[in-house]
Amino acid sequence: MEKKLERLKRSIWIFHLNTGSCNACDIEILDALTPFHDAERFGVKLVASPRHADAILLTGPITLESLPKVINAIEAAPRPRILIALGSCACGGGIWHDTYSTVGGVNSLLKILKERGIEVDAVYCVPGCPIRPEALLYAIALIKGLVQKKVKPEVATAE
Amino acid sequence: MEDNTVYINAPREHLVDLASKLFNDFTCSFRTCIGIDERPLNGHFSVTHVFTDDRNSLYVLLKTYAEAEAPRIPSITNVVPAADWCEMEAHDLLGIEFVGRDHYRLVLPPEWPEGVYPLRKDVPYDYRPRVRGVSERLSMSTELGVIPIGPYHPALHEPEYFELYVEGERVVDLKYRGFHVHRGIEKLAESRMNYQQINFLAERICGICGFEHSTCYALAVEKAAKLEVPERAQYIRSIVLEVERIHSHLLWLGVAFHFVGYDAGFMHTWRIREKIMYLAELLTGSRKTYGINLVGGVRKDINEEKKQKTLEVLREVSSEFKQLVEVAINVPQVRRRLVGTGTLPKEYAVKLSVEGPVARASGIDKDARRDLPYAAYKYASFKVPVYGEGDNMARALVRVEEILESISIIEQLLDKIPKGPIMLEDFEIPEGRIGVQVVEAPRGGDVHFVMTGRGRPYRWRVRAPTYSNIPALKIMLKDQPLADAPLTIASIDPCFSCTDRVIVVRSDGRIERLG
Amino acid sequence: MKRVFKPVELIVIAGKTGRVTIKYPFEGPLISQEFRGLIVISPEKCIGCGACVNACPPNALEMLESPDKKILRYYIGRCIFCWRCIDVCPVGAIKGTTEFELATNDFLDLYTYITHSRAHCTCGTGGEPVRMRRYVIEKAPIVENYASKCPDCRKKSLINAVSLRKVGFVGEEARTS
Amino acid sequence: MLCTAITLLAGTSLPVFLDGLERKLKAALQSRIGPPITQTLYDLLKLMIKESKQVHTVPYIILYFTSFISCALTSMFLITLYTITWDFMLFALALSLLMVSLTALTLIPLLIPNPFSYIGGMREVVLSLVNESAFVASVAIYIVSLHFKAGFSTPSTPHLLVVTIPALAIMFTSGYALTGRPPFDIAEAEPELASGVLVEFSGALLALYLYSNLLKRFLVKLFVATMLVTLIAGNGVLSVVLTCLITITLWILFTVISVTLGRSRVDLAPRTLAKYYIGLFIIPIAGLVVLAYG
């Protein structure tokens, strides 16, 4: 599977799932394809069917309503498949993290996927509210190994 | 009767007559209705119908009380068809029964337990309905007659579900099942947040018209608390609102071109739009104009340098945009697929009291910016484009003209923006006041109703324009070629994340292969 | 006839604009200085008062309590970058940046912790962070002998002080404090 | 033998890179950089290693694919041979093979149990019925117009005006339509179809389908180019090279056209095309009749 992931670096076809986001991230995804940013440089292509997808973009805190569809979509994507959580909603539930109709971010989704025995080969997380198009490009560059990741856990002690 | 709002306490037996008089005789436009659980206050439920008299710029609130146990209120759907959805919403969420109409589940899942009404105050904030992990699937036989669009579908960027019943290539009927994007906003606001935090929540109702929502909320609260917001803040609000309108309409045009397969048009429209996005970031610090609105003012000021930059960008955009539109509109396929498709006749438009460009394209001359002036619009002069055809082309042209109008509005406002503070210093918000505000979002009138409480609103009701535009789709799509369906659905510029604040509806019968 | 050849003008437009693409990440992004990006909390300045925690709409900033520690946790993966915390921070410990390159393949990268040790009350129960106490004292020196106590002890000593003045009786607690 | 190898090699590899070129060109016209010219190759290679979700009709689909590719390659080989020897029989064979292969490709989506794929497939059939017939007819008329006097000869002016030019015009349009570019990419690109005919394919199957489409595009253009070269009917090798060059130019030309247009609607496209064809066919046929018996 590792070797196969290597092959994905050349061309990444993305399938976009709005799991209850406010649209901002979804629009920025489209924006990343337009002339100023042009994600196609990296061989990125937005596909209409999960059957063609290499990477699945999740935007939104994953509402209870969309949960089954999301699971289906991920299951429908052929392996190797990458999961990219876009925006603060998808990463940590964002402002909705504790409302009654969301599962609160991709972490809980991953748990459910594990229960169902659906494997995902890599998971990336792109914070931002909304994400800039560049943030998506940066994530793709990260997948392609063009850049190093910047964030790291920090534990500081004040007295 | 307060400044521009008329409060009428309508007894139950006269409600229908009053509503029909307002709607049919005085031709007020119906905005929404709000069910409130006032038992902690006065031991009653209440339903408030919001009308606006656009010619005299008046808000008319019809308030009717119902007993705490078995609340019943006469339905006005027979005289005001547009009230259908919001009555059902009140029925689902507060258990208010509307006499004289058939009840059906609109927003609650079919398997939601009977007698549990989430927006009642005695229902705990963290009440969770049972999660069903699997969704139903269509059998092969029905698939061929029914074309499911959504929930995850290239024709929609949001999870919504349309069932198009087709004969060959013609659509004969449409079924809409929505409310996937429900995130429990109203309950969240009424139980966790405080007045200032809700601004940031309101923005995130929708990523395109977010600033409209937060402005609408802030204005409603300010109206309820009778706050005098500094002029400069109001100007800045209007300016950002118009910036948002421009980028939203450009976005729509781009997507429309994409749907008719004119990808070059899509790319170039969005190339122009990118400049506006940069502008939005310059003015608000976020590409989606998030995070500068607060109750009592705004957080970011516009200095001279920014002002110059803005004017310069706007000049470029307007010239480039005119040139591009002239080219794009003349592409034969674009013409053939926009002209005469998805027509919405005026009488239906009036009956459903649709909003925004959809209404203006069907010959209804209404625009909250002019009719119910708010923020700083009374200082700007602009014309409201109105077309009679009611087809997709008309809707597109309305938006094109509005972009140019918005540009001129911004230039006017920047020209005469007054000096002064941008934020009200210290103020408190009294309890039990009511504020209702309509803001003209890119998609139409945005209605926020706030009833103030201690530290947070007692009741906060949001009605997004798409909410009243979706029922019109049935008429637009009937007997249209299937190939035009996505374009027509898109032509109301649906914003489902706005519409679905309420409660999850389970939508069945989607094709599992689509994911 | 003119209309028929109008679409071809697209090529003219394209030619006029040329290539607008920015070669990010090899070039700088299309960003203005106004952009609200990642916030940076300086452990040197933070006094652990929790004002930011109260203001934060999505609870990205949280205060984790333990008997002798108060830990301020910042979870980037939930932050909406509204910068309200910067507005409310009394000591200006939070700085805003234009940083947006936060993509990662490990969720643990998104947490930032700032640990504050509590200043214990004489009665032994945990109190507010050491720094916060110092801050309060230098802002309002009068309360010095009260600031070092937990709320209950504060109440008690107050009562005692009052009763002392009233009936001249000095209670146990008053002497011990 | 060498000739065979070269043709097949060029014929199988060229389409991939030409598609890369097309994408680059599109990007340039949309004022962006676009993918590297080898992108299509990368995509296909990646798809080969992807897991492919099976549909139960896969065996038949494979069968159709093999039949298509074999027919296509053979026809390609024959047509090249024809440009060297100018033997009319070869040409006739190549043409018939082309038609067979196109039909095979058109029918594949109908094998897939999915409404989107089905609708897309039906649309494809509707379109290709109109276009294939027009293509064959125009080619036939064109050849006849050249064969009018015994042996190949550049036709006299009346021929050129009345018969050859209209026939060429039809050939171009139908050829363009057969390559499934906007405004005729109805089968897969319409948004409500969720990438219609492709919806169910994944992994290697998808790669196969995409590649077959590229091959088809190349083949059709090759035919049009050959027809043009036939006008000169020069010596073998030269004309082969010439054909290749013309094919590439055609590819670029078609790309530019496709960028400036939108997508037609499924019920409009065949109607418009049919009108156009009938209108144009009357001229050469009438012309032939007149020139024959007048």
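A, B, C and D are the chain letters, set down in written order, and residue numbers restart from 1 in every chain.
Here is the rule we go by: a contact is a pair of C-beta atoms (placed from the backbone, for glycine too) under 8 Å apart; a residue touches a chain by one contact, two chains touch by 3 or more.
This one's a predicted model, so the numbers in the text were calculated from it and none came from an experiment.
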Via touching chains, chain C connects to chain D in a minimum step count of 1
Could you tell me which pair, B-C or A-B, is linked by more C-beta pairs in contact? A-B
Between chain A and chain C, tell me the centre distance in angstrom, where each centre is the average of that chain's C-alpha atoms. 27
Distance from the CA centroid of chain B to that of chain C, rounded to the nearest Å? 34
Distance from chain D to chain B - Cα centre to Cα centre, in angstrom: 48
Touching at least 2 other chains, the residues of chain B are 153-154, 200-201, 204, 264-265, 267-268, 271, 274, 286-287, 290, 331-332, 513-514
What are the residue numbers in chain C that touch two or more other chains? 7, 10, 14, 17, 19-21, 23, 30-31, 35, 57, 80-81
At least two other chains touched by the same residue of chain D: list those residues. 29-33, 191, 194-195, 199-200, 259-261
Chain contact topology (line, ring, star, complete or other): complete
The chain B residues in contact with chain A across the complex are 118, 125-129, 131-135, 151-154, 157-159, 179-185, 187-188, 192, 200-201, 203-208, 210, 251, 266-268, 270-271, 273-274, 277, 286-288, 290, 495, 497, 503-507, 510, 512-515
If we count contacts the way the header does, which residues on chain B are in touch with chain D in the complex? 140, 143-144, 146-147, 149, 153-155, 164, 169, 257-265, 267-268, 271, 331-334, 336-337, 481-486, 511, 513-514
Which residues of chain C touch chain D in the complex? 7-8, 10-11, 14, 17-21, 23
Contact residues on chain A for chain B in the complex? 15-28, 30-31, 34-36, 48-51, 60-61, 63-69, 71-77, 94-96, 98-102, 112, 116, 129-130, 132
Listed in rising order, the residues of chain C that touch chain A in the complex are 19-25, 29-31, 35, 43-44, 46-48, 57-60, 75-81, 99-105, 107-117, 129-131
